[in-house]
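Shared between the two complexes below is subunit A, which has subunit B as its partner in the first and subunit C in the second.
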Partner chain A sequence: MTRYIIRRLLLAIPVLFMVTVLVFALIELAPGDVVDFFANPEVMAGMSEADLEALRERLGLNDPAPVRYLHWLGGVLQGDFGYSLIRSEPVGELLLRRFGNSMMIMGIGLFVAVTFGISLGIYTALRQYSVADFTISFLSFVGISMPAFIAGILALYIFSVQLGWFPAGGMRSPGVHTLGDLLHHLILPALVLSIIHMATFMRYTRFSMLDVLKQEYVVTATAKGMPRRIVVMRHAFRNGLIPVVTMIGYSIPELVVGAVFLETIFSFPGMGKLYFDSVISRDFPVIMAANLVIAVFVLAANLITDVAYAAIDPRIRLE
Partner chain B sequence: MAMTEVTIDSPAKVAWRRFRQHRIAMVALAVLGVIVILCAFAPFFSGYDPLGLNMAAIRQPPSADHWLGTDTLGRDIWTRTLYGGRVSLVIGLAAAFLSTIIGIVLGVISGYFGKWADMVVMRITDVVMAFPPIIIMLTVAAFTGPGLVNVIFIIGGLRWPPTARLVRGQILQLRDQDFVTAARTLGLTNAIIITRHMLPHVVAPLVANITFAVSLAILTEAGLSFLGLGVPLPTPTWGNMMEAARDLRIMREEPWMWIPPAIFTLTTVLCINFVGDGLRDAFDPQQLIGEK
Partner chain C sequence: MSPLHGNAGGTALGRKLLATTAVALTLGLAGPALAGGSLVTALDMGPGGDEDARPWSSGAGHTTHVKQFITPTIFNEDLSEIVPYAVESWASNDDHTVWTYTLRDGLLWSDGTPMTANDWAFTAEFMTAPDWGGDRPGDRNLSLSEVAGFDAKTAGEADSLDGIEVIDDRTIRFTLSAPNPRHFASLFRFYILPEHAVDFEPADFMTTDWFRDPSRFVGSGPFVVAEYAPDEYMTLAANENYFQGRPALDELVIRYFGGDQTAALLALEADDIDFTYVTETDVPSLEDDYDIFSNLSGVVVMTRFNYNLVDDAFSDIRVRQAILHAIDRDAITENILGGTYVSIPCPIPYADLWPEDVVTYGYDPDRAASLLQEAGVDPGSISMEWVGHAGYDNTAHNSALQAVQAYLSQIGINDFSYRFVDIPTFRASYSPDGDWQNQYHGFGVPRFGNDVGRLWSNGGALGTGVTGYDYDADGFAEAVAAISAAPTIDDYNAALGDFCRLHAEMLPDLQMWVGNRFGAADPSIENFWWQPAPAGGPYQDNAHTWAVQ
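The block that comes next holds the complex of A and B.
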């Protein structure tokens, strides 16, 4: 097991390296540089072309790309992501705070999706072809086809604007610092975020349970007179859950995408909104750091998923 | 002795027969047909110009003149929804086509040639997949600038990894089969072995994958345009029409501006997915065996 983990970690190194190259190369695609960014009349009134050139030289912007890449990578490895061009704040601290906010939405969303998705999956598998199974399966198909941003604007319109049950955005009411108020702001975007994942988990659990319930050991358990409850929960569910665990890990990228849209729609100060705002305002250091952090987050989730999968399913060959 | 006549249906015919039994998929196909016809022949279903401004009739709610109302510049929403559907559907098809081609080529290279080619292609796939799809597209779109062609290339150029993995898996399974070994023994070139002997076997699993790629591409375009980084106005697409909802005032007071494109997008994507689901069942060889 340890060897498997070490092997996976070693394999992740070249991928991680290529990720940093890609993150850097993407910014190189952008027209202009940091100095152009500031060279608008308000910020740099009175600066001549020669002054700008001197500034470029001082900031190292005239160095060849590989040199600038190594310079940037060196900083990143020491935890220095540079300064935001717009928010005049170290990018590291900014990201950390926003990431924490996003984790609340993504955490609640994923928790709801896992709990209800798996429960509904088991429920429908036990009642295959019933009206309830048909209805829930149909709804799950709608859920899978429902992108976060359309679900987001519809939910905002119905539950915040029309019904007035939830605030129309933000993270806290001004001047209020209670947990209840925070949850009141979190709950709608988190629930919307959970829809697509709940639908996915439900479908996987249902497929998997239907498969497992047909196995001979389930028949045996039933034949020796075990209560249905115990057959389902102890014998079938434990094995049926294995493929669902991988789905949870692999749903992380889609979770991040959903967060970008929902935080933008609900004006929630998380990493997703920060990412979108930075892309619009071309805040290069923030975009680079956010891309890198998201990619590392996804790679780590994949790694943990693979290891967890190997740990709970002894049939997986570790070679 | 009388000759028994044996007729063998082509795989496509068998698949179609099986697809027809899938009731929801058939309904979805019909609805999809209606939407495609409405969009493709938009001029027949609307007398307005999708770009025609009318300052005398801005922000009008649905009425007999304007079935779904007008937007902030007095353009007819019903008309823009139909013409917008054209753009959204074309982008969906073109981007899915592009990502499928890239996926097939890389999947074949990786699966057939193996060794270091496989290693390189799979690591590239890992890197692209480390970025959640729309995330990296936002960065690219912001730097390359908005535009129809850019959107197609961005979506097509970044949505190929699942297809590449699928094709690679299929090719890996086929590579060691006897008929491939036989073809190689006969001295056929790699190009012929791949295109004539192997790729036809990949079509069935790929068909459903392509339909899902189309619906994903439509949603991706809608998402990018919704954030203002896709197809720029005034060209209508379902995504950039929904962008109106980002204005809280419009969302609250003039919902007719963004609800129609939202409903069209959802219906289209849902129908494509149901059709894809039906196709997957229809092409599933496991289920074919049981059929007489």
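The block that comes next holds the complex of A and C.
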């Protein structure tokens, strides 16, 4: 197992390198640069092309692309992700802050989604074609089908504007620095996020459990007179969990990527909104660093998922 | 005070406010009617905000900057005049090349240190340092590019600005490299910085925390920085030393919504905030419960054909005239844009400046068809693609452009398309060598200020290329020169009218409409004032009188 993990980690290095090269190339192909973003055509009466060229020179944008890439890579290898050209702060600090914010909302959302999604999946699988099964399945289809921004706006309108139970977005009340206030702001977006994921996890768990429950070893266990709870949890659930673990593994990178629409609607300063804003403003250092972090998490999530397979299913051996 | 509903009301209200403030200042009675309280706003929404909270290097955000710093002069409430702010008076020599300004007596920084002309000179030298690190030099150019020695100083060829001379603590003299009868109008974004408190180098302008750090920040506006939570909010506290008196509010909070108007609107309706910028489509559902602030934005929405750059049918003025005659702009502004826009004959967005005899090219599809016939142009051969930046990618403007598409098809122009792209794409693609040469976008045109004269200047450092006004047509240079040289306000307005007439006759680009912009405020705010100024002004909003019930 240890050798397997080390080998995967070593293989990740060239993958990460290729990711940075690819992302850099894509940024190069995109029209315009961050200086063009500064030159908003509505408010640009006072700047000349000479000013813009001087700015490009100062920011190093006139250097050949390979030079700029190597300059960036050299910085990263020394732990320096550079400065955000738009936000005027070190990219490392910026990412850390946004990453922390995303982790809070995505972490809570994913925890709730996994807990309730799997539970409801098992529940509906054990009661196939019951009223509860049809009701929960219907609601799960609604959850899967509803775009995040619609769900977010509806939730804000109902629970914040009409009922006043939750703040209408933001992460804190200005000047208030308590855990209670933070949680008060996190609950609604996290719940909206969890509903979307919960529906997916519920559907996968239900499908997988229905499949496993028909297997001969489950029938055998039942015929041996094992209590129903043990049959379900020890024999069926553990095997039925494998595809669900895959889905959860795929969801982990979202902890970093964030949920751009949800963060926008809830004016929540997470990674998703940062990434989106950075792309449309061509904030090259932030785009590069964010992609690198995301790539690391994707690779880590895949590795964790593979290791989890082995932990869940003794038949799987990682070599 | 009631909020503004319409342009005319705004002017009247502005005069009333100005008169009230002037009387109060004269009598030494300026001060709040109510005391205390916290006002939470979304001043960063729309054209008035910028989370960066860093004057001198900002595309917008003057609504916020002017809360923290005073400027020598400032727009009045409805943007109809430039009025004194930090200065008490000004005078120029006969040819308007030397201007002398006198600061108000008793101006203090927020830490109690007197503000002097040395602070003003320090700011000028700081902003023209060759290694100044700002990323948007527009305000610097507006404020200082006319000063003698600007080019040498910014190029590192001189140690100081030749044209700046401190006479005494309250008096400073500007020597200009060319005459300007309205130099005071170049100073409305000149945020004076405190020489004694600025502890960073010009090169570090964009990276310093000074503007956000309460322990280092020293300002002169009605409020000072009390707390900055990146991406979330900035809390400003009352400046006890503000020259018009301590603000009535204890705190002014500016919440950040990442530019998302829906999020800000929901926060307003949930009573989390007291004010935000809203769109014209939001107004009907808000006007019963909120005070709606509205005025012409001063942002002209236009499409530009740049016939100097393309060698095709549009080089014939009759084709350009036909396009305008073919589109019923009044119907579009009234029915599709909800009456919140008005069609315009020229890029001057203020109706009172339009000459009575200006050509307006009303809707006349028959005339359009005959003009094309006279020009010998087959409408089926005309290909048009309008490209707008993402700021206009909303339902209203999409519908308006679909209507344009339908109108043009009526005269046989069927190859019409439009698309919206992000700003870097827009900027990079629109050029003589770019893919697209027809734009659909807005442009801020302050009613009064040097921007107006320079906007259409072909030869100056400002405007050319960046704004895309690269055309060269007979008479424009003279018209622009007449605007710049106008010695009085009346002459200036008349010159703008002449320019408008010339523009409408020659149609170097085709003007569409200018829109109102809106803000919605909780009615419980006393004395609140907001104006949809291009980039947020700055303008006099008398924030020191704002109060909450």
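As a working rule, the second predicted complex is superposed on the first by the 260 of 319 C-alpha atoms of A that agree within 3 Å, B and C clash if a C-alpha of one lies under 4 Å from a C-alpha of the other, contacts with A are read in each partner's own complex, and residues count from 1 in each chain.
Assume contacts are C-beta pairs under 8 Å (C-beta built on N, C-alpha and C of every residue); 3 or more make two chains touch, one makes a residue touch a chain.
These numbers were taken from a predicted model, which means no experiment stands behind them.
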item: Which of subunit B and subunit C A:Y157 touches, first, second, both or neither; value: both
item: Touched partner set for A:L241, first subunit B, second subunit C, both or neither; value: neither
item: First (subunit B), second (subunit C), both or neither touched by A:V298; value: first
item: Which superposed partner A:R282 touches (first subunit B, second subunit C, both, neither); value: both
item: Per-residue touch tally on subunit A - higher for subunit B or for subunit C; value: C
item: Partner chain in contact with A:E89 - subunit B first, subunit C second, else both or neither; value: second
item: First (subunit B), second (subunit C), both or neither touched by A:V15; value: first
item: Touching partner for A:A30 - first (subunit B), second (subunit C), both, neither; value: both
item: Touching partner for A:V260 - first (subunit B), second (subunit C), both, neither; value: first
item: Which of subunit B and subunit C A:A50 touches, first, second, both or neither; value: second
item: Shared subunit A contacts, counted only where both subunit B and subunit C touch the same residue; value: 30-31, 153, 156-157, 161, 168, 264-265, 280, 282
item: List of subunit A residues in touch with subunit C within their complex; value: 30-34, 36-52, 55, 58, 83, 85, 87-89, 97-98, 153, 156-157, 160-161, 164, 167-172, 174-175, 263-267, 269, 273, 277, 280-282
item: Touching residues on subunit B, where the partner in the complex is subunit A; value: 24, 123-124, 126-127, 129-136, 138-140, 142-144, 215, 219, 222-223, 226-229, 242, 245-246, 248, 251-252, 255, 258, 262, 265-266, 269-270, 273-274, 277
item: Residues of subunit C touching subunit A in the complex; value: 38, 40, 47, 52, 54, 59-60, 133, 135-142, 206-207, 227, 229-233, 235, 251, 253, 255-258, 260, 262-264, 266-267, 269-272, 299, 389-391, 421-429, 439, 441-444, 451, 454-455, 461-468, 534-535
item: Subunit A residues touching subunit B - in the complex, by the definition given at the top; value: 14-15, 18-19, 22, 26, 29-31, 138, 141-142, 144-147, 149-150, 153-154, 156-157, 161, 168, 252-254, 256-257, 260-261, 264-265, 275-276, 279-280, 282, 287, 291, 294-295, 298-299
